[in-house]
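You will see chain A twice below: alongside chain B first, and alongside chain C after that.
So, the complex of A and B:
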């Protein structure tokens, strides 16, 4: 059953449209993440779901009710804010109890529900403190606790981890995922961090300039990006892009720098339809390596190492394909054992079964039949 | 290196003390003089050479102050008028300040400027129309005849003071309150106002003192003795040909004391409010 539906939702400030007709169905218990660069409309969309922003046109349905005209308090949602938005003049207990008090719940129920949420979040010892006496991570927990005690139809998270340092962010990410597995709530989560999106989401919604670019599982977003924008947004480092032209019969890809790559047999038919077309060729760093023995569907290209970034577990190497001045460069994820050195000549292996092609003007993925 | 005391060079510190002393003396001298006068007899007051401290301090003037005129009644009138006009002013001002800081209002800055302009209206120009208005409404010699104009006169400055404070409350706090179950007005009263308490107290004190001190309107709107406020009531102590200064001084001290108590109670919050508003606003 769909818990939350957006139907052609538009937001405009005067003549300036910031959200262009978004359609989305969120299933009950689903963890959906809105991701995109700042200004893509993801927070606006979330605030429209919450009722904090009016929608210009379209419909928002929560739990079967059209909520367009309902104020936030009548939508049965809870929200966690980026800067926590804890009431500074109330204790942690009162922060969490506030929503229940406003709904005139009996005292024993308030005590029980706050205690329960505090236990889940391990903040029982903080209940009598004021927010200013808490660390960032503790405040974040309290903010989540305030949402949990309400037992709403859906939780909305607005970049909840952006104010935390990297280590704490990773920790809280795990906490949020555990919490979702335990409570099974419907969650809509906004972030600009693709790692958060990939790790947390059941489905990711990628937004760009107020348009919904792709809605898919993390696997789908990563391995079958619908646009160059999505491919360039996910993965760290993101996908490599090079200008290319599809050769005669779709059997060859001509890359910048005079590199010709043979298209694997399996993908010739798909490329043949675009023969002669200027495209953007994309390949993820993990599909670039040091060439060893000949493998099927792996192209060997002579090149040189430009830059080496050791990460410990892997080493990122920026390699130049070929030796011409217009040669393209790509970042590959190499084993530390490869012992790359800048300037060193290298035989690069490109796993061509995994390449992506995008329209060089619109950035839309040119999809094969196997998708 | 210059001599220092608590991190400030001694020379600079001395200048600060001198400047502070000038301000304090200038502010307190009249009050102290009134206090000393209230303790003297009329004969001592007129004696030459003048005495500074009363020779034989007497509380007789205070006793007379309470018997010659219904000063407790005046005080009650002042209290009712000042309290209710302050409450009204702060309530309406809070709503206005909220609208000015939070809602997407067209011409926000114009509205702010008009508010300031209204605050600069000389009261005397409003006197005749206000009097006519109150007479037609049958409100002369009622508390409303002062409560309404006092609230309105203090409204601009109260609104601006509170607006400066509301501006500093993160909007997400209200959003959180609204998601939690408050209406917009509920969020204002449950979250925004409690958090801007210093600003609200500052506004309230300003409104209260304005109302307590006001003379011209009080004189015009209330002509029955038992509806007089303190500021007007004190003038009733003077006779047709005589100015009993010690008696008037005693009545003045009686009028000042409640305000002093009020300020003392809220001092910390108001001082915090005045400076915070100044820095942030």
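So, the complex of A and C:
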């Protein structure tokens, strides 16, 4: 059963529409992440679910009840804010107990629930402190604790990790995932960080300019992006793009710089439908490597190394394909053993079974019937 | 070698200290001239007296006679009592009205400037003008207040010539005048409260009233204290509005300590006694302020402990 449904949800400020009719079903216990750049409407959408923003049109259903007209307190949701929004004058205990006190729960129940949540989050020793005496990570835990004690139908997270430094963010990400596995709550989580989205989500909702671009599992988002925008948003570094034209019969792709790539047999039929069309060719860095022995479906292209970025585990190399002035460049993920040096000539291997094509105007993925 | 190595740093310390003193000197001198000197002169004057029968003899040192005289002076006690009445009525009055205005002005108005201007106007108006305007409002024959009373079928009242009513009229005027400054200070405090706290409370289930009690009031406490201290100090010095509205009358029933000091010094030219009264008023201000400061210090150290 779906815990949360959005039906044609629209948000407009005056005549300025910022969310354009979003439909979404979130299943009970599901971890859904809204991801997209600033201004894509992800936070607005979350705040509409919370009831902090009015819905211009459409319907939001939580646990079977249409909540459009209900205030936040009647929606049975809890929210974790970006700045944590802890009450500065209340102790950690009182911060967590506040929602229960307002609901007039008996004292022994409040004590038990706060103690339980504090144990889960390992903040029992902080209960008597004031928020200002806590570190960023501790405040983050208290903010989550305040949500947990309420035992709501759904948790809403609004960029909860963006105020933490990189190391702590990675740590809290793991904590949140563990917490979800342990408690099994329905979670809607907003972030602009694709790594958070990929690592946490059961399903990712990619938003751009107030539209749902793709709703899919992390695997689907990464390997079957519905649009160039999605492909360019996920992965680090993201997918490489080059202008290309589909050749006659769909057997060849003509890339910028005079590079012709043979289309693998199983994708010829798909490409043939777009013969002669200008497209955007996309290939992820991990599908670019040093050419070794001839392999099926791998194109060998002569190029040169432009830039080398060693990461330790692997080395990112920016490679120019061909030697013409209009040659395209792509970043590949190489083994550190390849010992790349700038200016060095290189034979790169492009794993053509994995390429993506996008409409060069709309950016929509051009897909074959096989996927 | 050792001594030459340590000496320069010692010299440097000394010269830095001298330079520091030199840099502070202008400010210290200015303070001495405009603060310390007048207060010292006032205190000295309060210890002297001029014989009205022989003014040519000049001021003679009389010790604490002027202070002893004040303690025996019914008019001193009466004007002090009036001042305390104004403090007790107008400080909480202006706080409540000011808080209401601040909360109102903090609402998300589409156009903010008329609201802000409305808040600023009473504050920008000189005190005497406010007094004169309200004196006219409370006037028996032509005043707007009696006009309303008559329209409502109530007997017109002698607002400014009945002691109790005059007290209320003056207090109302002071509250009207003072609450805008209160509101401005509290509005500044309100705007420092993060919006997300209200949203968190809203999600937690707090009603508007609970949000006010659980978030606004505690977060506003520092601003309220500063506003209260300011208002209390000004209330101790209450002068212009009763001066313009009743001149202290009827009789001396609405006379404040500041007005009595003014009369003693400028009408009766009794500088010694006037200075002693002023020094006593200074003490009242200090006591009131110290009370607030002690309370704030205690409450901040308490919240720091837990």
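In the analysis below, the second predicted complex is superposed on the first by the 371 of 371 C-alpha atoms of A that agree within 3 Å, B and C clash if a C-alpha of one lies under 4 Å from a C-alpha of the other, contacts with A are read in each partner's own complex, and residues count from 1 in each chain.
Basically, a contact is a pair of C-beta atoms (placed from the backbone, for glycine too) under 8 Å apart; a residue touches a chain by one contact, two chains touch by 3 or more.
The model shown is predicted, which means the values in this text are computed figures rather than measured ones.
After superposition on chain A, the partners chain B and chain C collide with one another. When the two structures are aligned on the shared chain, A:178 is found in touch with neither chain B nor chain C. With both structures placed on the common chain, the touch criterion links A:99 to chain B and to chain C. Once the two complexes are overlaid on the shared chain, A:273 sits clear of chain B and of chain C alike.
Applying the stated contact rule after C-alpha superposition, one finds that A:146 touches each of chain B and chain C. Within the superposed three-chain model, A:81 lies in touch with chain B and with chain C [touch as defined at top].
When the shared chain is aligned, no partner comes close enough to touch A:302: not chain B, not chain C.
In the superposition on chain A, the residues of chain A contacting both chain B and chain C are 50-52, 71-73, 77-79, 81-83, 85-89, 98-99, 102-103, 146, 150.
Of all residues in chain A, only 47, 50-52, 71-73, 77-79, 81-83, 85-89, 98-99, 102-103, 146, 150 touch chain B in the complex they form. Residues of chain C that touch chain A in their complex: 194, 196-197, 199-206, 210, 214-215, 218-219, 303, 306. Residue ranges on chain A touching chain C, taken from their complex, read 50-52, 71-73, 77-79, 81-83, 85-89, 91, 98-99, 102-103, 128, 130, 146, 150. Chain B meets chain A in the complex at residues 170, 172-173, 175-184, 186, 191, 194-195.
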